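Consider the two complexes below, in which subunit A is the common component and subunit B and subunit C are the respective partners.
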Partner chain A sequence: MNKRKLLVVPFLLLNSVVILAALFKGLQISLGYYPLIGLNKISLTNYQQVLSDPFFQKSLGYSCYLALTATFLSLLAGVGLSFLLIRVRKSWLHKIISLPISLPHIIVALMVMQLISQSGIISRLFFQLGLIKEIDHFPLLIHDSGGFGIIFVFLYKEIPYVAVTTFAILQQLQLGYIEVAKNLGASTTRIFFSVILPMLQKTLITLFIILFCFTFASFEVPYLLGNPSNQTVALTAYDLFTQADLTTRPQAFALNLVISGICLVITFVALTISRILPGGRKKP
Partner chain B sequence: MKLSMKRNYFLLFLVAAMIVFPILLLFCWSFSAEWMYPAIFPQEFSGKIYNQMINEPNFWPAVINSFVIAFATTLVSMVLALPAARYFAFQKKLSHRFIEIIIYLPLILPAIAIITSSQVIFLQLHLTGTFLGIILIHTYLCLPYVMQILLESYRQLGEGFSLTARSLGAKPWSIFWQITWPLLRPGILTSATFVFIISFSQYLPTFFIGGGRIVTLPLLLLPYANNGRFGLASSYSLVFLGCTLVGVFILKIVIGGIQSGTKR
Partner chain C sequence: MKKWLISLLTVGMLFSLTACKTNDTKETKTEESISSFSDAVKKSKGETVTFYGFSGDEKANAWVDEVVTPAMKEKYDVTVKRVPMDIDQILNKLTTEKEAGTKEGDIDVIWINGENFYTAKQAKLLYGPITKKIESFEKLMDVDGHNSKYDFGVKIDGYEVPYGSAQLVFAGDKEKFKDGFPTGTQALLEYAKANPGKITYTAPPEFTGSAFVRNVICDIVGYDKVEEAKANKEDLYKVIKPGLDYLNEIKPYLWQEGKTYPTTTAELDQMFSAGQIDMSYSYSQMHVAEKRSDKEFKATTESFLFDKGTIANQSYLAIANTSKVKAGALVLINEMTSESAQLKKAEAKYGYSIPPFDSNKLSDETNQTLTDLYKNQGVLSLEEMQEKQIPEVQAEKIPIIEALWKEHVLHE
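And now, the complex of A and B:
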C-alpha cells in the first residue's frame, strides 16, 4: 500500500513545487521583501495600491465582466447543443462540433478578426448587398469597449467544449428517468429542473470553474482583440512583468496574488453552491 | 416526430457550418495575393505567402522547437500522470471532489500569475531560456487534462484485471505492459493527443520562460495576427494546424503500434 502512494509523488511534486514556489515567491516580493532592488520592509502597501488604484480596479472589473458573460453564455448554449448532439447522432457532425476544442486561441482570434472586423468578410458581404455604404458604417465588433470580439472567441471555443463534455455525461446517465418523469406527467421545465439539472449540476459547476478561471486570466485573446482603454488583468500583469523597471515588480506580484485569490474564492463559492443545489450531497 | 428530427439535423448542420466557415477564411487569406476591401473573394491567388514564410530565418527553428517541446511534454506528462491517475482512481480515502480540485488546481490558478512568478524562480535556477524549463512549465499546465482523462479511463477499466493477474503471480511491470497499457490505450492516446496540442499552442509560458531565446510557432504567429498581417498569420496558422495533425498521427503510430500483450 505504501509503495502505491509513492506513485503519486512525482505528480504532486511537480504540481506543488511549481504552485507553492510561485506563490511563496510572489508573496515574499509583493509584501515588500525584494533585496535585489533594496527593498526589505514587510508591508501591505502593494496590496493596498493594487486594490485602491482605479486602473487596477477597472481591469479587475472588466475581466470579471468578460469572464462571467462568456462563461454563462457558453454554459447555456453548450448544454442546449449537447441535447442536440444526443438527438442527432451523426458522427461526422459530432467530429466537426468538437473541432474548436483543439484549435488554439490565437488562431481562433485571428479567424474572428477575419470574420467580424470592419474589413472582415461579413462587412464585405454587407457592402456588396448594399446594407452599408462605407467600411466605417459596419459596427466596431473587435477592439470595441464591450469586448464583443473577445467574448465571441471564447464562445467559439467553449460552447463545443461544454457541449461535448455534457454530452459524454448525458450518455452515461440513465435517460430512462426522463421517460419515467414524462410518463408520470411532468412538464418539460419540471423535468429539466427536477431530473436533468440535479444529474448535471456537478459537471456544470466544474465547467463553470474551469471556464471562468481561464477566461478571467486569459492573455492572448484580449491582447489581440481588446480595446486599448479597457485592459484585462492578464494584460496588466503582462505589461508590469515585461517592463525593465524592477520597481513595479512588487505591485505586479501583488496583482498576481489578488487574481489567484479571486479565482480561488470563485471556485470555493461555486463548490459551495454545488453542495446546496439538489444532487450535491449525494455521493457520485 | 420525423419533422422535428429533420429540424434538429438541420440545426446541428448549421452549427457545424458556423464552425467550419471561419476555418475556410484562413485558407483564402493564406493563398491570397491581393484581397482589397469590398471584394468577397481574393482578387488573386498564389502561393507567394507560403514562400515568404518558409524563407523566414525563424521558420524552421520554430517548427522543430515546437515539435521537440510538445513531444517531450507529452512524454513527461504521461510518465507523471499514469501512476498518479492509477492511485487516485483506486484509493478510497479521498472524495472525488477533493481529487478533482487537486488535479484542476493548475487550471484554477491563473496561468499568467503562476508563469510570471515561476519565471523569477526559474531565473535563479538557470532554467530560463532552456528547453528543460519550458518543458517543465508546459507539463505543469497540461497535467490537469491528462489526469482527468486517465482517471476516467482507469475508473472505467476497474481494478479487476490487474488484481487477477497479480493473484496469478504476475510482476507489476508485466501487469502494466500486458494488461493496463493495451486496455488503457484509447485513454492514453486521447490524453497524449491533448497534451501535444495544448503544449503546441502555448504562447505565454514559452515567451516568459524561453526568454526570447527559444522560438515556437505561436511566438511567430501572435505578432503577425496582432499587426493585421492576415495573409502571413493565416499561413502560419495552417502550418500550425498541419503540424499538430502530423504530431497526432505520430502519437497514434507510437502509442497504437507498441503491440505488447493482447491486441484490441
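And now, the complex of A and C:
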C-alpha cells in the first residue's frame, strides 16, 4: 500500500495548499482577525451581523429557490434526454448535445441576454414582424422577479451535462439486466426499484450535489441577469467584498463560509439519502 | 499505519512553502532620498517604470503607448511598461503582498480614485506625499482647489496627483424632449409622470447608478447637508430621506414600474438606443460624442446636466509603496500630467478627455485649442460643465447611501 498511497501526496499537497490555506485565511478573517486594517480581536460578530441582516433570509430563500428549481429541472430533463440518446444512436446528436458543456456560464448568460431581453433579438424580430407594437410588450424575461433568465441559462448548461453523464450508466442498463429481470418474472415496479434505481441513484445524487452547490453559489449569472430586489447570497457576498470600506470584508468572508456550510450540509444529507436508498449500501 | 507519515509530509511541505516567502525583506534603495523633481529626473535615468490601470478604453491605452511612452524614452531615458489590470485587482495584489510582508513589488504608478483611494489609504499602500515633487501639479493645476485636496471627500494629503476628470452627464434625444431636457429632479418627475415607463436607472451598487442616486439626493437636499451629515446609518438617513422619498415617488413611473432595474450601463445604453427608454447617462463627459460617432446613438442625441449640478470627480495617479523605481514613477506621473501630453489626450483620437488643469493657469492659446476640440459633438462646453459641478460625497458614506437605497427604495 505504501507506494500507491505515496503517489497521492502531490495531489493532496496541491489541494491542501490551495483549498486549506484559502479556507484557513477565510476563517481567520471572518472571525475578525484582519491585521491589515488593524482588526485582531477574535469574535463571532461578523457571523451574527451577516445572519441577522433583514435581507439575509429573503436572499437565502431566493438562492435556494433558484438552485433547487434549476437542479431538479436539469435532472429531470437530462435523464429524459439520455433515454432519447440511447434510443437514437446518432453520433451527431451526441455531439450537438455536448456542445453547451464547453461554453462558459458567463458567455451563455450574455447570449441569453442578447436573445431574450426586451431589446434583444427575438423581441426585435417580433416587432419587425408586427407581432408586438412596441418592444416593451415583449414579456420581461431578464431581471424578472422569477429569475427566468437565470434558470434558463442553468438549464441550457446543465441538462446536457446530466444527459451525457447518465448516458454512460444507461448503456450499462442496456447490457440486459432488465431483460434478465423480466425473464425471472419481475414486475415493472420491482424492475424499477431493484435494477434501474440502484444503478442510477448514486450518479443522480452526485449530480444533484454538484449542480446544487454550483448553482447555489453561482455569482456571474445572477449578477448579469438577476432582479436587483431579489439578490442571491453569492451576490451579497460579492457586494460586501468589493465595498470600498475594507471593514466589510470580514463579513463577506463570514457569508462565504456560511454558503460553504450550507453546501456541506446539503451534500451530507444527499449522501445519507443515497446510502439509505436501494443500491447505496456497501456491498459485502 | 503510514498515514501519519503522509500527513507529516503534507504539513512539512506546507511550512517550507510559507518559509520561502518570509526571508526576502530587503530595504528599498531610494525610499526617502528623492528631494525634488530635478533630483528624480537625475535618479531615474535608465529605469523601467510600470503603469498599472484599467485598460478597457482602447483610446486611453493608445495614448499611453503612442504619446507618453516615446516621450519618456526621449526626454528622460525611462522605459514605460503599461500593465492592464483593474483597480480592485491591483489593490488585492497590493494588500496580499503587504500581508505577506513583501517590501518590493512590480507595481509602480497606479491609476486610482475615490473609493479605491480610500481603501489604499486605509491599508497604507501608497507612497507619498508626492505632489510637491511633481512639477506640472504646481505649474498647471488648481493647487488649493477641492479636487486637489479631497478625492470623494477623502483627504488626499499629497498622495495622488489629478489626472483626468469625470462628471455625470445625461443623454437624451432632442426630438423626444420637445419642451427641453429635464434639468432638475422636479422636471424629471413630471416627464416620468407624463411618459410612464420611459425613465430608469441602473441599480446601485452599480457605479454610475450609485452616482445617479447620490446626484438626485444632492439635488433635493443640497450637497452641503449630505457632506456635513455624520457617516452613520441613522443620521444619514434623516438627512437624505427627502431624496429617497423622491425616488419612491418616481418609482411607479419608471420602466417596469420600478419593479426591476437594469444592472449595467451597457444595458442602459442598449435600452436607450432601442428607444425603450428616453434617458441614459455616463460618467464620461464625451459619452454622447463617442456613441454618436459610433452610430449607436441618433444624431439628435445631446448631453444635458441638472441646473444645480451633477456629481464630478477626478481620477488620479499614485505610486505604490512597494515600487522599486520611485524616481522613475515620479517622472512618469509628471509626464502624464504635462500640458503637451494632456492636450493630445483631449483629441478625438485619444478619447476626448478633459485635462485636470486650472484654465486660469493655461495660456489663452491652449484654452482656445481645448474649446475648439469639443464643439459640435453633442457635448456641453467646458465652462458649462465646470459651472454645474457638485463634488463627490465622502467615500465612507457611499456604501451607507447604497444600503439605505436598498432598504427604503428597492425593498420598500
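In this section, the second predicted complex is superposed on the first by the 251 of 284 C-alpha atoms of A that agree within 3 Å, B and C clash if a C-alpha of one lies under 4 Å from a C-alpha of the other, contacts with A are read in each partner's own complex, and residues count from 1 in each chain.
As a working rule, contacts are C-beta pairs under 8 Å (C-beta built on N, C-alpha and C of every residue); 3 or more make two chains touch, one makes a residue touch a chain.
Keep in mind that what you see is a predicted model, and the values were worked out from it rather than measured.
Trainee: Pick one for A:136: touches subunit B only (first), subunit C only (second), both, or neither.
Mentor: In the superposition, A:136 contacts subunit C only.
Trainee: Once chain A of both complexes is superposed, is A:55 in touch with subunit B (first), subunit C (second), both, or neither?
Mentor: second
Trainee: Touching A:245 in the superposition: subunit B (first), subunit C (second), both, neither?
Mentor: second
Trainee: Mind working out whether A:184 is in touch with subunit B, subunit C, both or neither, as first, second, both or neither?
Mentor: It touches nothing on subunit B or subunit C.
Trainee: With both complexes overlaid on chain A, does A:119 touch subunit B (first), subunit C (second), both or neither?
Mentor: both
Trainee: After the superposition on A, what does A:227 contact: first (subunit B), second (subunit C), both or neither?
Mentor: A:227: touches subunit C, not subunit B.
Trainee: Touch test for A:145: subunit B only (first), subunit C only (second), both, or neither?
Mentor: Second partner only.
Trainee: What is the contact status of A:12 with respect to subunit B (first) and subunit C (second): first, second, both, or neither?
Mentor: A:12 contacts both subunit B and subunit C.
Trainee: Show me the subunit A residues, by the header's touch rule, that subunit B contacts in one structure and subunit C contacts in the other.
Mentor: 5, 8, 12, 21, 113, 119, 124, 135, 223-224
Trainee: Where on subunit B is subunit A touching in the complex?
Mentor: 5, 8-9, 11-13, 15-16, 19-23, 25-26, 29, 37-40, 79-81, 83-84, 86-88, 95-97, 100-102, 104-114, 116-121, 136-137, 139-140, 143, 147, 197, 200-201, 203-204, 208, 218, 221-222, 225-226, 228, 230, 233-234, 237, 240-241, 244
Trainee: What does subunit C use to touch subunit A in their complex?
Mentor: 2, 6, 9-10, 13-14, 17, 88, 95, 98-99, 114-116, 118-119, 122-123, 197, 203, 205, 256, 259-264, 267, 270-271, 274-276, 395-396, 398-399, 406-407, 410-411
Trainee: Which of the residues in subunit A end up touching subunit B in this complex?
Mentor: Per the touch definition, subunit A meets subunit B at residues 4-5, 7-8, 10-12, 14-15, 18-19, 21-23, 25-26, 29, 81, 84-85, 87-88, 90, 93, 96-97, 99-100, 102-115, 119, 121, 124-125, 127-128, 135, 156, 160, 206, 209-210, 213-214, 216-217, 219-220, 223-224, 233-234, 237-238, 241, 252-253, 256-257, 259-260, 263-264, 267, 271, 283-284.
Trainee: Can you name the residues of subunit A that touch subunit C in the complex?
Mentor: 1-2, 5-6, 8-9, 12-13, 16-17, 21, 35-37, 54-55, 113, 117-119, 124, 135-136, 140, 143-145, 223-224, 226-229, 239, 242-246, 248
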